[in-house]
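The chains carry the letters A, B and C, assigned in the order they are written, with residues numbered from 1 in each.
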Amino acid sequence: MTALAARSAAEIANRGTPHSALIRRWSEGSIKFALLSMTLLSVVTTIAIVGVLAGEAWGFFSMADQPDISLWSFVTGLEWSPLLGARPAFGVLPLVAGTLLVTAIAGCFALPIGLLTAVYLSEYASSRTRTILKGVLEILAGVPTVVYGFFALTFITPYLLQPLSSGFGTYNAMSAGIAVGIMILPIVCSLSEDALRAVPQSLRDGAYALGSTKFDVSAKVVVPAGLSGVIAAFLLALTRAIGETMIVALAAGGLAQLTANPAEQVQTMTAYMVQIFLGDAPAAGVEYKSSYAVAFTLFLITFVLTWSGAIILKRYREEYD
Amino acid sequence: MAAGVISTSRRMLSNRVFLWSCLAATMIAILLLSVLMVSIAIEGWSSISWRFLDSFASRKPAQAGIKAPLLGSLWVCAICGLAAIPMGIGTAIYLEEFAKRSRLKRFIQLNISNLSGVPSIVYGILALAAFVRFFGLACADEPWTLGDPESLFFIQFPFGPSVLAGGLTLALVILPIMIIASQEAFRAVPPSLRQGALALGSTPWQVVRLVTLPAAMPTIMTGAILAMSRAIGEAAPLLVIGGFLLVFQTPTNLMSDFTVLPLQIFNWAGRPQADFHKLAAAAIIVQLVVLISFNSVAIIIRQKLQRPLQS
Amino acid sequence: MTQPSTPVRDADPATAPPTNLTSDPRGSHPSETTAISMRSLNGWYGSNQVLHALDLEIAAKQVCSFIGPSGCGKSTLLRWINRMNDTIPSARASGTLSLHGIDLLDRTLDVVDLRRRVGMVFQKPNPFPKSIFDNVAFGPRLHRTYSPTDLEELIEQSLRASALWNEVKDRLDSSALGLSGGQQQRLCIARAIAIGPEVLLMDEPCSALDPRSTASIEELIRELRATYTIIIVTHNMQQASRVSDTTAFFYEGRLIESGATDVLFTNPKNRQTEDYVTGRFG
């Protein structure tokens, strides 16, 4: 009976006329072409970003009526005062320093807390607790950054910092830094946790079999084994911190100064760009053009960081593949 | 023997301390979220009303509302999703299902991960040049127009600071996220399904359309919703392209002026008066409600549709 | 991908006449009954040669078993017959391999059409996460080689042919993932049958199944051989002797011995074959 059915299936299956191979190849080719063009768009985007930034920055450095401006004075200058006084100064270092100060505060806050939370999630938490905590982190990750800026301005500064010391003004690097830290916390947590969970169970079992405590296993086996992934997570989080805009625009202040004092206000690269694009600076003016040079600097810094993060991540993926 | 015992108890102590610090760190995350939510709820709750949702911006805090930014956010997000989701899926399909392992593929992959690290404000600068001004190829003061300015299908070149430009800007921001999430979804489809479909004589595109794309779809949609919730909270790139206007109308077509909720929040939060801070907090509540409903949809999709692909 | 950059042949056996695997007692001309033939077939993954100068003819409408220890290249050979190796960028082959005279190593060969003529069943059942009906209809819908009004009948006959019809006829719309392992594997056979192939390749189809399901699939293979040319890879000597007309024994990428199954198992010419079939090495 089976044999009979097989014969009739074979017969029915070959009764019709198959699709034309020519049409099939042609449509397959055009779909592949369409998908490839979509893919190349991402390359075009990168080229366009570099093109626009480099072109406009070049325009800034070669402005005929601004003989003082040069790449050298931009990179090494210690004073940034584009809007003040008769002789504006365009030394980017105060902006870079402001960015780094805020990022450093954010890092000091988020990296240890994030890593410890990741260890807890991957090594200690029951799967139920994990699900709940991951939900909390997901919500934190989804909160718009402007909300953290508002939180910094209306809660962290007046209720946490100012009671501690009267040195904190309305705008200060500390509260912006803490808020940026809260913002990057979920990134640190979830990426480090991925790295820790990728460590093979056999490594842990081996350590337990030697009589290790959970602390020994976590701190001396799991974290070192997942270290490159954790470092990549840190780098990606710091990149986000450097590029963060709305928090610093709201809470860090608007005065570009070279300081390491977290109670003072600072201006970051992104905050300067907001100031220019929000204001009515004429599009041909030197302040307006300077924002492109700042943007290019920001792009280069984040590019280098992301790139190193991607390379480290790639290496750690290979370790367990 | 005695030495061993002491060292064991010391190790137990460090074990304890470590557990407690992990727990404390975790608690901080939860505490932060609670303080954030509670402080904003206290500040903003009193301003939430139907009138608040249904009024335009105003100089007087008592009359101000978020009608324009709320609808602006919807328009911009819809455009962003329509542009970024298909592009992201298409790119992921090419990279995961079509591209051979080659130097070009590695380059594109590295490029995408670099793009995902570019600060959003930089995308704003690109969009300002590309969408708002068309690289100066067309005159911004006298745009070429197509259709009736009142109609839904009105288009002008360059786009200017319009909802279309805003949506495309956000699409640039989330495109790398969308691509990476979709790629992971495709990688999670068991290779045996692909092999089965190929062995039946499917072309590569048929494999995608009939097998891998349907199997990857729930994960892709979860990723898409998370990407969209990033987009709906973005303010910086829109601020650069000039979406920061006091807008007294809701968008009627792709060329309308617009503002979005995060920009409105930024505007109110940046003012010194406490009354505006209350409005900002109220707008944040609305924004968070929208976000949390987004996330719940993502969670429901994840749980409902993630059937096992293999028994 | 599929054409060798330089055809490399092993020197010694290349000139020897191919082993005739036809065990037809009436001794008809091999050319009439040969479905698949290969001459000095070599295969590589990158620089690693895994098939060495294979010469073999496989008769139409018979069951042929490939046996040999793991890693000896059985799956690789199968995957050349339906060109699934095209999906592995490093795979290359040289020599000749043909199906009813069609050159299977031709770079311009339409692999979609080839795979319609050569069905494949994998080691682990891999039904699509779709309904039972849609699984079987998958291939026919791709190729449209049936006439559309016949689809339901085609599904029924295919499921009958794979001896699954009675178990699933009342739940064709339920998910294929709800079937047991043995049922899933028979569904995969039905899915392959529904495209109307001439050849069925089965790569260890029973290794993931329990003994009862294995028995029903063996039964099925014996029934199907009237209609299809079947090649089955197996590690189970009893299975090979139960289901197949001819057997080929491979070792380290070389064909050691081939011929009628009963001869090969009871009276092997080669020492290695004897050791292997009697279980002295595995």
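Everything that follows uses one rule, which is that a residue touches a chain if its C-beta (ideal position, glycine included) is under 8 Å from a C-beta of that chain, and two chains touch if they have at least 3 such contacts.
Here the structure is a predicted model, which is why all the values come from computation and not from measurement.
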{"item": "Arrangement of touching chains [line / ring / star / complete / other]", "value": "complete"}
{"item": "Best-connected chain pair, where connection means C-beta pairs in contact", "value": "A-B"}
{"item": "Distance from the mean Cα position of subunit C to that of subunit B, given in whole angstrom", "value": "49"}
{"item": "Between subunit B and subunit A, distance of the C-alpha-averaged centres to the nearest whole Å", "value": "14"}
{"item": "Subunit A and subunit C, separation of their C-alpha mean positions in angstrom", "value": "51"}
{"item": "Sites on subunit A at which at least two other chains make contact", "value": "24"}
{"item": "Subunit B residues counted as touching two or more neighbouring chains", "value": "203"}
{"item": "Shared-contact residues (touching 2 or more other chains) in subunit C", "value": "112-113, 116, 143, 195"}
{"item": "In the complex with subunit A, residue positions of subunit B that touch it", "value": "11-12, 14-15, 18-19, 21-26, 28-30, 32-33, 35-36, 39-40, 43, 87, 90-91, 93-95, 98-99, 107-108, 110-126, 129-130, 172, 175-176, 179, 203-205, 226, 229-230, 232-236, 239-240, 242, 244, 262, 265-266, 269-270, 277, 280-281, 284, 287-288, 291-292, 294-295, 299"}
{"item": "Partner subunit A, residues of subunit C touching it in the complex", "value": "110, 112-113, 116, 140, 143-148, 150, 153-154, 157-158, 160-163, 165, 193-196, 220, 223-224, 226-228"}
{"item": "Touching residues (chain side subunit C, partner subunit B) in the complex", "value": "82, 84, 87, 89, 112-116, 119-120, 122, 124, 126-129, 138-139, 142-143, 175, 177-179, 181, 184, 188, 191-192, 195"}
{"item": "Residue ranges of subunit B in contact with subunit C within the complex", "value": "100-101, 190, 192-193, 195-203, 206, 210-211, 214-215, 307-311"}
{"item": "Interface residues, subunit A side, partner subunit B - complex", "value": "24, 27-28, 31-32, 34-36, 38-43, 45-46, 48-49, 52-53, 56, 112-114, 116-117, 119-121, 124, 133, 135-140, 142-147, 149-151, 153-155, 182, 185-186, 189, 213-216, 218-219, 236, 239-240, 242-246, 249-250, 270, 273-274, 277-278, 292, 295, 298-299, 302-303, 305-307, 309-310"}
